[in-house]
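By letter and in written order, the chains are A, B, C and D; residue numbering begins at 1 in each of them.
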């Protein structure tokens, strides 16, 4: 078996693009649930990096790690959505702009 | 590595297992008790605290039984060197104190679930894994166990808007930071082909000395993103912004818990990362790390202290105080990078002192909370005259404030001497001057609470709700108060305990 | 062929991700996320990570996205506040494109570095590379400790999720 | 038992007393509280006296090296940082511990009556014992760190005691002001200490001088930096320009506290430190010059401010600042033993003055305004005569203690610029220093007689007649006054200069620690006598002027009273009759200019502007604008937090890659 003939920098560019889209999603979207999805995108970008570097180095470790990351992502999503439900119960919204009880008082 | 190797490694993770078992037992107890009218808070904290303390003390005992060794175990994922053992012990001790303090308000602050203890103990096991990890993935798993548990704990007051908001903010920014860390870890993996600290250290040395292939940029960017992830957890500016909101919104006992244990665990893990992955314990392969840390330290101390001066809400003030302390500790870390052993010793000593003093301060806050005082805002006026109504609490709080501002004979002074000394010795004079100036500024806000306590008359009308109190809280406060004083006056034993860490 | 499939999958991944960023309705955003992650699993296959690709589909499409969709339906969430205009979106994506390519170039990594003086296995991946067996063996040997600790992590997640979100306690 | 085994008890007894009274005092009878509070200090005085006796009567051969040392073992040891827990008594600290415990025990006894009725008197004594402990630690500590621990400890106790009557908001803020101003000074001490440690690698007093010498030429720079930073600390603790402003506010505390802490002991810590580090200052002549100039300026300015006060304790507070300035002038011209001698005599006469004022305040039920006093000599004879003795001492009347110590300083200041003096490198400076000191001495004599006359003499009592009838003296308070008054009268004879037939005994005793007095070349006897006479003439002149103005038997005229009433600067009543040309002179030549300078300039500029605006501004202004920034960032919006995070991370990455 040989590694895929795609230059590694193109894969890295894809990962970086996914990561940047994820960051922008967190920074720009007002819906908390979409922000959570964006975080998932960021984690996937990291996973992609792990997988491509694993292939280039010819070691399995990167793949193993991406498996772990998926498990962590699942746990994070579970807790995050639970907290979201908790917030929805007290605030009746998931708009991040309306979660502003805690701030620097003047 | 096969199964018998794994079994041979069991004794080394027994402390962690002890804590996890404690967590499982408390979880089952919580389930068993959930039928007993939880709506009215008929939950007695005693058995839970007892189980938690037994498991933590047992874990501490097991830790003392383990012989430290230089080589990583468990397939190179776990260190059981002195840094790891002492770090785990430090976290176990501080967590035991924090959990005892929480016992008082478990029934009064809208938290009627015994799962609080289970989650705290799981959280501690995650921290122990973090501190002992010598491999990025293992560290990450520990980090996530700790973080997820703390996110939930922050949101534990289910009916309180602030608590929920704090949990969400902490969670989202935490997940965001985790993703940054992971992205960085992937880059480090790409540059070095491994995630074990020892391997990263070797490769980094080769890469940066220029004899191997030039993937330095990948390594530098990756390591920097990892540092950013750590900086988030220790609440260093500009990655600190979750801290004031989360500290304010969380139940006070959780704030105390996370202010000390999360910071201690993150710092110990951070220390291992910069010392052993980006260096080899005595030398550093990555020269820029000192500049990055110095810059972070200066910004963190200054902004933390200036913001704390403004605060009227004591929980927020302590949040900024903990941010400022992250800055002081970063000064110590600069010293550790430059000078190795004595500086590491000073840094861990200071973490210990910071833990005792901050925990004690939050313990006093817990003791001042009133039953059903869910929206107790802990404004500074609340402290007027407290020194006369409850002299012991007042004196204890004053001791903690003096310790945090570094005034002798409290341990804070000794700690600061040991913390700043190596950085100065290494020639970072400007950094140390900024640090000392900052601790001068910090006296202003620490003292203002003491002034309110002892030099203002209490407001005429006071809530008649009974205060929250328990023997566990009293015990923990006594331990922290005398700890701060005794460690300050007779520091040598404690300093020796933290010696020879790398 | 491989190369062509890669670029197609990459394009779909980016398209899906972009739609997550752009689409107003959270449900549609979730669907776009599935699209993106599914295309990513194709890329994983191409990168000789069959096991990871399968897990990607199982865990993400099968578990995480379902959870998201479930919560969206449960809370009946909408996102009326997100306003956007196409020039604005175009601008953002130009920035993303430029930024990503620039950053990736800035890392100064290319295959020559792996090929010329790189690690030993570069041009000959072992026979069982990326199989369940190989990954599984590593999980059960080197990473057995973090793997076992994952159970604590999942326990924390379960307990935490129940404690925080269960309707009656 | 060896003598050095007594040394720990000197420290432990007050600490135990403090702890006992602090924890249990509230539940104990007052008698026991008083006993527990006073015994450690009185026993300590015995121990101190024995030690001083041993040290000063040591055989001639041992004199240079004799020290009584007790080692608690290593206190902190980590890496190359080694701090010993060693305490030691040498010639310098022997005198200090005698002053601390001696005057301390008198003041403790005095306090049992003065503070006896206070409901939380146990707390008061607990703080006071803790103060004595800290002060002893400051003096006994054999390295910079132990000294700093004591240094912080006395600051803390001072803060606690100033704010003792917390019910008054002003007291609380005075305490806080004192603490914060002191912390600014402590910053200097910390940096100075760290500089020394960094450069010399040790913090032991015994080994530091040798290490500095070993540095050679670089040692001068190190010494200059360290000496200046440490002097910043000294200006904080010893109330010198620019950090002096906390001391007058500190008068809010109980009067015995003012006597012990803010006159006799704590405020002299700065001079003690400079004497202890005399080798360092000798190595940095420029730092010495700074010390001398600051000291002389403070002496004069504080004296001008003393002229204007109507609160009896405020007068004494400014007088203390002024006298501390004299001491700094003394050490600043390299005459360490002369400066220290003034510490010693000042401890007696100023403690006596403060306790005397306390006796008056106590007798008059907390009246502190000298405009409402007068004629008290009939009711309070012992207080009156000890006060008068101390006034003679502070003005430098021949034969009284202040005469010897102040004239020694002034002569040393003058001769420092002569050939072979310490400040010969700064030509002309000595004339300036002497002139400033002379002016300060003249004013001192005037304002001290002003307060003495207005309080005890000047005809009849001007306040409430009922209060006057019930004024009486208390036995223990009188005892303390008599002992201190005797001290004010006699201590000067310890250090009689050569030209008056003495042989500067104290200077010789101290010479192993601080070095011999600098001696200008050549024969200056006539000059010395002449300067002494000039000083004396000025002081006596202002004394006569004060008596002329305020009178002994006769009351001040209506006009003078009007002047007095309107003193704090509410503008002046139009003067219709000019009975005394002195009044006009007083008003035109002294009051008006001084009012303008001291009140407007110093009060407005120094106190209100420099302290309240600038010093507070150090906190407030950055805090205000920082506050805007923090509020703008920390606006509760999670996405703003994430944005800052992302840009922060990006900035660091870019910085790392580009460098």
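The criterion applied here is as follows: contacts are C-beta pairs under 8 Å (C-beta built on N, C-alpha and C of every residue); 3 or more make two chains touch, one makes a residue touch a chain.
Quantities reported herein were computed from a predicted structural model and do not represent experimental measurements.
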Pair of chains joined by the greatest number of C-beta pairs in contact: A-C
Per-chain CA centroid nearest to the all-protein CA mean: B
Separation of chain A from chain B, taking each centre as the mean of its C-alpha atoms, in whole Å: 26
Gap in Å, rounded to a whole number, between the CA centres of chain C and chain B: 32
Averaged-CA centre spacing for the pair chain D and chain B, given as whole angstrom: 43
Rounded Å distance between chain C and chain D, as computed from the means of their C-alpha atoms: 71
Per-residue overlap in chain C, given as positions that touch at least 2 other chains: 106-107, 109, 114, 118-119, 142-143, 146, 150, 153, 156-157, 160-161, 164
Two or more partner chains touched - positions in chain B: 137, 141, 144, 148, 151-152, 155, 158, 167-169, 172, 176, 180, 187, 190, 193, 217, 221, 244-245, 307, 310
Overlap residues in chain D, where contacts from two or more other chains coincide: 630, 634, 636, 638, 642, 657
Chain A-touching residues of chain D, taken from the complex the two chains share: 630-631, 634-639, 642-643, 646
Of all residues in chain A, those that touch chain D in their complex: 23, 26-28, 30, 96-97, 99-104, 106
Chain A - residues contacting chain B, complex: 15, 19, 22-23, 26, 32, 35-36, 39, 42-43, 45-47, 49-50, 52-54, 56-57, 59, 61-62, 64-65, 68-69, 72, 75-76, 79-80, 82-84, 86-87, 89-91, 99-105
Chain B residues within the chain C interface of the complex: 1-2, 6, 9, 13, 20, 27, 34, 38, 74-78, 112-113, 115, 118-119, 122-123, 125-126, 129, 135, 137-138, 141-142, 144-145, 148-149, 151-152, 155-156, 158, 167, 187, 190, 193, 212-215, 217-218, 221
Residues of chain B defined as touching chain D within the complex: 168-169, 172-173, 176-177, 180, 217, 220-221, 224-225, 227-228, 232, 238-239, 241-242, 244-245, 288, 291-292, 303, 306-307, 309-310, 339, 341-343, 345-346, 349, 402, 407-409, 413-414, 417-418, 420-422, 424-425, 429, 432-433, 436-437, 440-441, 443-444, 447-448, 451, 454-457, 491-492, 495, 499
